[in-house]
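Once you've had a glance at the structure underneath, I'll fire off some questions.
For clarity, chains are labelled A, B, C and D in written order, and residue numbers in each chain start from 1.
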Amino acid sequence: MKKLINNPTLVVEEALAGMAHAYPHLLRVNFCPNYVVRADAPQRGKVAVIAGGGSGHEPMHSGYVGVGMLDAACPGPIFTSPTPDQILAAAAAVDGGAGLLFIVKNYTGDVMNFAIAAEECQLAGVPVETVLIHDDVAVEDSLYTAGRRGVGVTVLAEKICGAAAEAGAPLSEVAAIGRKVSEQGRSMGVALTSCIVPAVGRPTFTLPEDEMEIGIGIHGEPGRQRVALQSADEITEMLATTIFDDLPFTRGSRVIALVNGMGGTPLMELFIIFRRLAELCEERDITISRNLIGNYITALEMAGCSLTLLAVDDELLHWWDAPVHTPALHW
Amino acid sequence: MTSTSMLGITVLIDWMQRYADKITEHEPLLTALDAEIGDADHGINMQRGFEEVRMRLVHERTDDLGAFFKSVGMTLLSKVGGASGPLYGTLFLRMGMVAAGKRTLTPTEFASAVAAGVEGIRQRGSARPGDKTMVDALTPAIIALHQALDDGATLCAALQAAAIAGEAGMKATIPMQAYKGRASYLGPRSIGHQDPGATSAFLLIQSAAESICAAEAHDS
Amino acid sequence: MKKLINNPTLVVEEALAGMAHAYPHLLRVNFCPNYVVRADAPQRGKVAVIAGGGSGHEPMHSGYVGVGMLDAACPGPIFTSPTPDQILAAAAAVDGGAGLLFIVKNYTGDVMNFAIAAEECQLAGVPVETVLIHDDVAVEDSLYTAGRRGVGVTVLAEKICGAAAEAGAPLSEVAAIGRKVSEQGRSMGVALTSCIVPAVGRPTFTLPEDEMEIGIGIHGEPGRQRVALQSADEITEMLATTIFDDLPFTRGSRVIALVNGMGGTPLMELFIIFRRLAELCEERDITISRNLIGNYITALEMAGCSLTLLAVDDELLHWWDAPVHTPALHW
Amino acid sequence: MTSTSMLGITVLIDWMQRYADKITEHEPLLTALDAEIGDADHGINMQRGFEEVRMRLVHERTDDLGAFFKSVGMTLLSKVGGASGPLYGTLFLRMGMVAAGKRTLTPTEFASAVAAGVEGIRQRGSARPGDKTMVDALTPAIIALHQALDDGATLCAALQAAAIAGEAGMKATIPMQAYKGRASYLGPRSIGHQDPGATSAFLLIQSAAESICAAEAHDS
């Protein structure tokens, strides 16, 4: 295992310590339980937007804490959702009296831990709304399964809900905007290599030189299918077409496009992919109104990428364009 | 015979310690199983939780079995994370509700407590048998436990029967396709792998059998 | 070779095409010869800041084109410096009549190609100043060698010179500021893995599981020394101490710190390193006034990192803090 | 004898074509040598440049040898990049200056042109013999070329002598520590590897010998 770490069991805490040193003007870090809150928390009268999940997806979520995005992030151990007490402690630190919005990726663990925390909050009289992100079209959707998992749309939902909350929108409205984002966004990813969970010390799976995993999530898990390695253009077409077909975009629709690296993929390759994505969208008369290209929701050092498209209207673009000051998103 | 058939705090602590040992021993297996159809952390998650349980056992002595189970449940809830944290946490919290205020449990009371715990898991996770989860080990184990007690077995014998049923249930997850939890994302590719949570669940029943049989043997 | 590419010989052009699609409001891309200029070039009466070098270091340099930083970037083939005609074409596209500043990393190829271009410009009556970046303390400095190579300080110099030029400083002043940055900055890096040059198709070097290369550059070349893999803290201490010793910082000095990923290193690991760097600086009473943590000057998918420290005063901090609008740096 | 000893455009085109072929053939070797002590692109750089030279040879016919060499030099300058682009570009540009306005070159003129080119490389790169660069192949080759011509050899024989000296110079780079170019960053670790640029430089002299000897054989 080749990693720039000290102790596999302390990676989360040491990375958080690094963030605390690096961004004192943007955020504060608490240990035991671990959470990150914006430097000026709590904001009186403002809905507090809280997200969390396993670590190993950096910059998500802690890198999105700051003005105009998250009030708090709850980082669990690597790939393991945070616990209810951790979420509750973060919630207490950012509660401004206007209620809490939980942005939760649809994984059994995340859903249950946030649900328990939400139940506790509600018992204590603190209003909570939860927005569930389940955008991965690689996963078949059905009433009888865990449903689709949450991936790239999470980043977009955190930005957009964060902007609405910052502007003073009430909880019900911030939640409604978050649900709209969740409904209108879709993602899909591929992996060229596995990643190594530090405490495990070896790759979660092994992939021959000429193969790739299609329909991966962000936890180094194998995907839906293993196929021969293809060209960047073919991969982009496959991912984009699956997304287009799942969320029918009409001619003339506008989207925010996220071309996301999984952690070990050079930026150059993401540009090559964005190039083909832009062509595909143009062919369908879909306008990419905004884009993000880079490592935004990762799986440690995995090589691979994911595409996310979010259908937007003026309202969502307005919130997207609103100022944001976090370590990883800044405008 | 009465004294051996009543469970007190000592045997329950022994259960938790045995299970913590077993988790440490099988951590690599549980994690490897989770690497195949999940995210390679189930053993790590369980070990983090039960190391904390083990530590608390040293410091928090209580004779109230309800308080004891609740403490275990809260520890798991706040230490394990992931899917297994809330599920195992719920199991012990529900056992704690059944045992609230009691210093001993009869075999039937113990079985009811476990059944309530498993019911809690099913409510929290809404998995049904056949979804390839820990429920597939726990459900047959509970049925065997009650059946054996109804047939007049000692708790030791009944738990041994439960462990055998739980092991069969665990193995039965191999040919299943997952419909809940992280393994469900693999679709048909989840077939052919043993569920990690069903494995840790079987070990939990097995530990219970070992602790209680050791206590019965010692007392008789 | 596992890469998200189409054709190894077209990676640079396809990535540039992706950038053209992604950032039309910030930059324009020209092909044959390849160069990237800010969208509003040329800026009448403003010194044009031009940088370039081999590709494979993304986001450098093209990702730093925009308001407040580079007027033009000249990307060569992977790890190969651009050619004089390419530099001249970019220069012609951004020349605003106030002269050109070339920011050149000290590699024989870059130096010679930019020197030829500068000679041509001067023949044509266009004033040119060149700032040479040679910050890598892993390389022994001597009159009889090629000298130290340019690495992380390049990013800082491009930002700072870009800000001064944007504010209307004359060529001599922008060049003087650039030279000050070059004098006051030092870097050093380590690699845990090699990278794969697309046209070559196999790793430039191979490194056993338990070893690392110390004193690497940004071209996937082997380093000065191969040693046993060490902990993040030990690596940080080794890099930082070598830098501290080379550029004596007095107690009370202020620095900009760049903890840079080489392309395949998760952000989490960079935070772990920054944590220790912050402690080491504190021990020496050195204040990290600003920091950058992420992939800013990379070597394709190489796993590893580099540290850069730049001693700053109020003037440099002023230029550092000035607004910048580029794909990769934005504030 | 006079006609064979005068070089015209045909033999020079043949030289460039042979060298382009040789570069294509040895691209993997040159790149592999550069991977050891550089950045694994020397073969790729040279191939990119000489493929372009080859293409231009088809389109731009000129009898002016000065124009011919200048065109090769400019092509290399605008296509190779890296360190080798300006260096080989300078070599041919300087040869073009010596040959300006001429339709043929005598052996001595040719040798002077090459010498001027090598001098250009030394000025542009300021490498001295022993720095482990292409200069270490080119310098002994030039000395051998002049020596042989002074001794009355044909240009063919003189270039064969130059190639032998160039090859020895190339091999002599193996034990050297690099003080110029990218290999210098490796410090003592650069010892034990053959310099890629010295290798491509030897191939250039070797190609010249082959082309000119073939022409002499044909003419005689």
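List of remarks:
To be clear about the criterion, a residue touches a chain if its C-beta (ideal position, glycine included) is under 8 Å from a C-beta of that chain, and two chains touch if they have at least 3 such contacts.
Keep in mind it's a predicted model, so treat the numbers as computed, not measured.
Under the contact definition stated at the top, no chain borders both subunit A and subunit B. Taken together, subunit A and subunit D share the touching chains C. Distance between subunit B and subunit D, defined via averaged C-alpha coordinates, is recorded as 77 Å.
Mean C-alpha positions place subunit C and subunit D at a centre distance of 33 Å.
Averaging Cα coordinates per chain places subunit B and subunit C 56 Å apart. Spacing of subunit A relative to subunit C, judged by their CA centroids, is 29 angstrom.
Chain contacts: subunit C has no residue touching two or more partner chains.
Annotation for subunit B: no residues touch 2 or more other chains.
Taken chain by chain, the contacts run in an open path, each chain touching the next and the two ends left apart. All chain pairs that count as touching, in label order, are A-B, A-C, C-D. Here subunit C touches subunit D in the complex through residues 33, 54, 76-86, 107-109, 112-113, 115-116, 136, 138-140, 144-146, 149, 197, 199-200, 204-205, 215, 217, 219-225, going by the rule given at the top.
Residues of subunit C touching subunit A in their complex: 1-6, 11-12, 14-19, 21-22, 55-56, 58-59, 63, 192-193, 209, 212, 229, 231-233, 235, 263-275, 278, 288, 291, 293, 295, 298, 300-301, 303-305, 327, 330-331.
Of all residues in subunit D, those touching subunit C in their complex are 31, 35-41, 44-45, 48, 77-87, 124-125, 179-182, 184-187, 189.
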